[in-house]
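Encoded as structure tokens, here's the structure I'll be asking about.
As written, the chains take the letters A, B and C, and residue 1 is the first residue of each chain.
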Amino acid sequence: MKELQDLARKLLNDGTVKVVIGYEEGARGVRPAFITDAKQAGKLIFDKRCVQNLAAYLNPRRKQVAQLGTPAVVVKGCDARAVAGLIREKQIERDKVVIIAVRCGGVLENPETDSELTSETVSVRCGGCDVREPKLHDHLVGELPPAPPVNNHREEQIAALKKLSSADRWSYWTEQLSRCIRCHACREACPMCFCVQCTAEKTQPQWIDPSATPRANRAWQTMRVLHQAGRCVDCLECERACPEHIPLGLLARYVADSVERRFDYKACEDPAVAAPLGVYKTNDDEEFIR
Amino acid sequence: MTHRFLSHASLTALVAELVAAKTRVIAPVRAQDDPEQVDYRPIHKLEDAALGVRLTRGSLKEFFLPPTEVLLHYKQTKEGVEIREVPTEAPPQVILGSTPCDAAALEVVDKVMGWDYRDELWFGRRAASTIVSLLCTAMDSTCFCTATGLGPDSFRGSDALLVPVEGGYLANVITPKGEALLQKYAEADESMKASAEAAQGEARQKEEKNLAAIPPEFSAWLATNFDNPIWKTIALRCHGCGACAGVCPTCHCFDIVDEHDTADEGVRRRNWDSCQTSKFTLHASGHNPRQSQSERFRQRIQHKFSIYPSRFAEILCTGCGRCTRACPGGMDLPKLLDELMTLAKSEAKSSEPKGSSL
Amino acid sequence: MNIYQPHLMRIREITDETVDTRTLKLEFQDSKVAEEFQFSAGQFGEYSVFGEGESTFCIASPPTRTGYIECSFKASGKVTLALRRLAVGDTLGFRGPYGNHFPIEEMKGHSAVFIAGGIGLAPVRCAILNVLDLRGQFKDVTIIYGARTVGDLVYKRELEEWAKRSDLKLCLAVDPGGETPDWKGLVARIPTAVEQAVSTAEDTFAVICGPPIMIKFTLPVLAKLGFPGERIYTTLENRMKCGLGKCGRCNIGPTYVCKDGPVFTAAQIRELPQEF
């Protein structure tokens, strides 16, 4: 942590950045920090409660953050994939952000508990993590902790879903999505949802009804998760944000698995590697055309 | 106001009778996705309920102002358009075990729903509901009902308030509706008042630790500090996601949209909406009076703690703390209010505005 | 019937004011409503195309003319484009009248200056016609109206009628470059036209509507002439949905445009937070 704090202090003092976006201790646990004064750099922390993906604050639509000036952002490996995505899709320029990557040994599914990392308490996204030492960075800080325990809950959920008939899967998701109130918190919290005008907000034509009805909820969530296909970094911000506790991360992961199978691709840290649904290749698999 | 004793057995029987009579009974129920949490849901018997466990994740709002609600049905015909009205009378419902903050919120929102134009869809559901709240003892550090002038034993908005005592509950019967509901199953009994009041006092003391009372001058300070530099830094971590508005018992802002069911028929609906979304105030011309989250968050605080009070003499907040619990970005309303109130007090002494340390 | 339910209206007449601005003359399908309907100049309504949605416009016809109401709009979004697709005889919905109104009663016995730019003439036209229908109750009436080009001038029918009257002063203007070879009016922006056409603020009310930039540069001209902020009336728009104070959308600080407006004095606007 001292390494991180010293680095932040230096970057602010020498004017490289105007704000360091990291994590700090709030009254109720870890929360995002926006350090603009080098004297406050001591507030920065990093531990297993640092769940939130801070890449969302790099979204150019966040005017109040953009106004602060050139940012440095503290990222775990999974978060770095989101930063790579924003660079890949030309939302930010690589040389306009300083990436402070932290070596990570996993985060808690429920950071409020501040418990030990076990296979029960670790986040479902940490299993099989291959970016504990992130590759996309300007600075790499921290000691490399041991690999996180594996939480198989997500794999079990996906396996169970795959066993269902498609009619039963349809019923399952209709029921889960019936709680959706169309607040779009999932979209706002997602680092990869940066569209200035979301498809769901277009009125000419009205592709998707804005009301919280079963058909509109299904349309909204399936559209969003398909727009995320190949781009979603499995940070689970959507699920954390959802006030109705809908398992949105499960839906996103289900689609990500599909993308991996079909295109042999996972959202990665290299901005130069194009996401499969973002490029056209003449040898794209066309087995779905019959 | 009278007192009655309601035993657990009697409450079980009361719920059974209501359910048999097709009255919807809503109570806190353990959540399917996380049994540690509770949500307000319809129950079929008292055992389904988890009373007094902790604050529910969502508020009572959805049972009075649904997330989506049909305002009218229309049908295009050769002659023109036919409108089919929606009923404003609602089927009877009993809310059991609500927290006083949620019951009070309904009375607070009544003010805007009755402002000059009477919203019969809201008041139809209000008239059809009997609300039996439960003394709140499961407060955590996030809630602050006492700061908004309420308390864990507040009567506002409730038809009866139950206080757990030995063998059951002491029912404070507040309204004729409460009397009508309880008189068959609960005997008049003033004997347990003292022990109930002790429990109430204890709960109030615990809650008061969380946030000092919001002073009446706060509303005016907010109005004159619209341009205070603190607004630029206080909401940097806010995503503008609107989750806070979804879980908030007093947030009531809505959108009105038309939807086709077929080419000729459809509905006009009103849907939950939130001032935190970027499109809330977007004009057709592309002009947006609230361009960034700083302005939008300012609106949230101003509306709840200054604008609504100046119109209706009510704070549009009952201190339930859900916004803070739900926020994925770490926003913390009681801490924020504390900072703003401290700033207001200090500026009353000096005239130099300060930036936020939050 | 709940408060969100509209009256059914039939389109009696359609007038294309300019290439993109259209006026609809509407009559209530329910004869009882038609007979009882009353409103004041400056009030607005929610006009809807069933299946598309509602849109907010002022009532552009005066309360002195009964049996119909008019609205004028530019097709810019989903609902207004749908309104443009309607034909004479088609049905639409109307909720209203909402909001406050111009101080026609207080203006009686005094003079009035009406200033408008572009489609801003719509709410002002309502006030002008209200005054002209009761002409004897007012002293001097001056109308200053302009647009970017001759083609952008709306209510050309009324402009011709007003030009023929001797009991009012009409000053029409187009922006430099917007004139046609046969243009007989002024070639000047509104602030300049006001300077030329208005000589005194004494005993006079000013009503002004138009693009924000026009208002911004005309208000100092009026101030210089001696109009106090309390005697300059304008309208504010904001994004609206319910139109009746419940949906929480249209407020500027503690002021709700749908309840405390849409008519405001310049003095009131000066007190508002700059969030509009």
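The rule is simple: contacts are C-beta pairs under 8 Å (C-beta built on N, C-alpha and C of every residue); 3 or more make two chains touch, one makes a residue touch a chain.
Every value quoted in this text rests on a predicted model; they were computed, and no experiment measured them.
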item	value
Core chain by centroid distance, with centroids computed from Cα atoms only	B
Pair joined by more contacting C-beta pairs (A-C or B-C)	B-C
Far-end chain from chain A, centres as C-alpha averages	C
Centre-of-Cα separation between chain B and chain A, whole angstrom	31
Centroid distance [mean C-alpha coordinates] between chain C and chain A, Å	49
Separation of mean Cα positions, chain C and chain B [Å, integer]	40
Residue numbers of chain A (touch at least two other chains)	none
Touching two or more other chains - residues of chain B	255, 257, 259
Chain C: positions in contact with at least two other chains	53, 77
In the complex with chain B, residue positions of chain A that touch it	26-32, 34, 52, 56-57, 61-65, 67-68, 181-189, 201, 209-213, 237, 240-245, 247
Contacting residues of chain C [partner chain A, same complex]	53, 77-78, 81
Chain C residues within the chain B interface of the complex	1-6, 8, 10, 29, 48-54, 76-77, 80, 90-91, 93, 237-239, 241-242, 244-249, 251-254, 259, 273-276
Residues on chain B engaged by chain A in the complex (per definition of touch)	31, 33-34, 37, 57-58, 67-68, 141-142, 232-233, 235-237, 239-243, 245-247, 255, 257, 259, 269, 271-272, 274, 277-279, 291-294, 324, 326, 328-330, 332, 335
Touching residues on chain B, where the partner in the complex is chain C	71-72, 74, 76, 80-81, 83, 85-86, 88, 112-113, 115-121, 223, 226-227, 252-260, 266, 268, 270, 273, 275, 280-285, 289-290, 295, 302-303, 306-307, 310-311
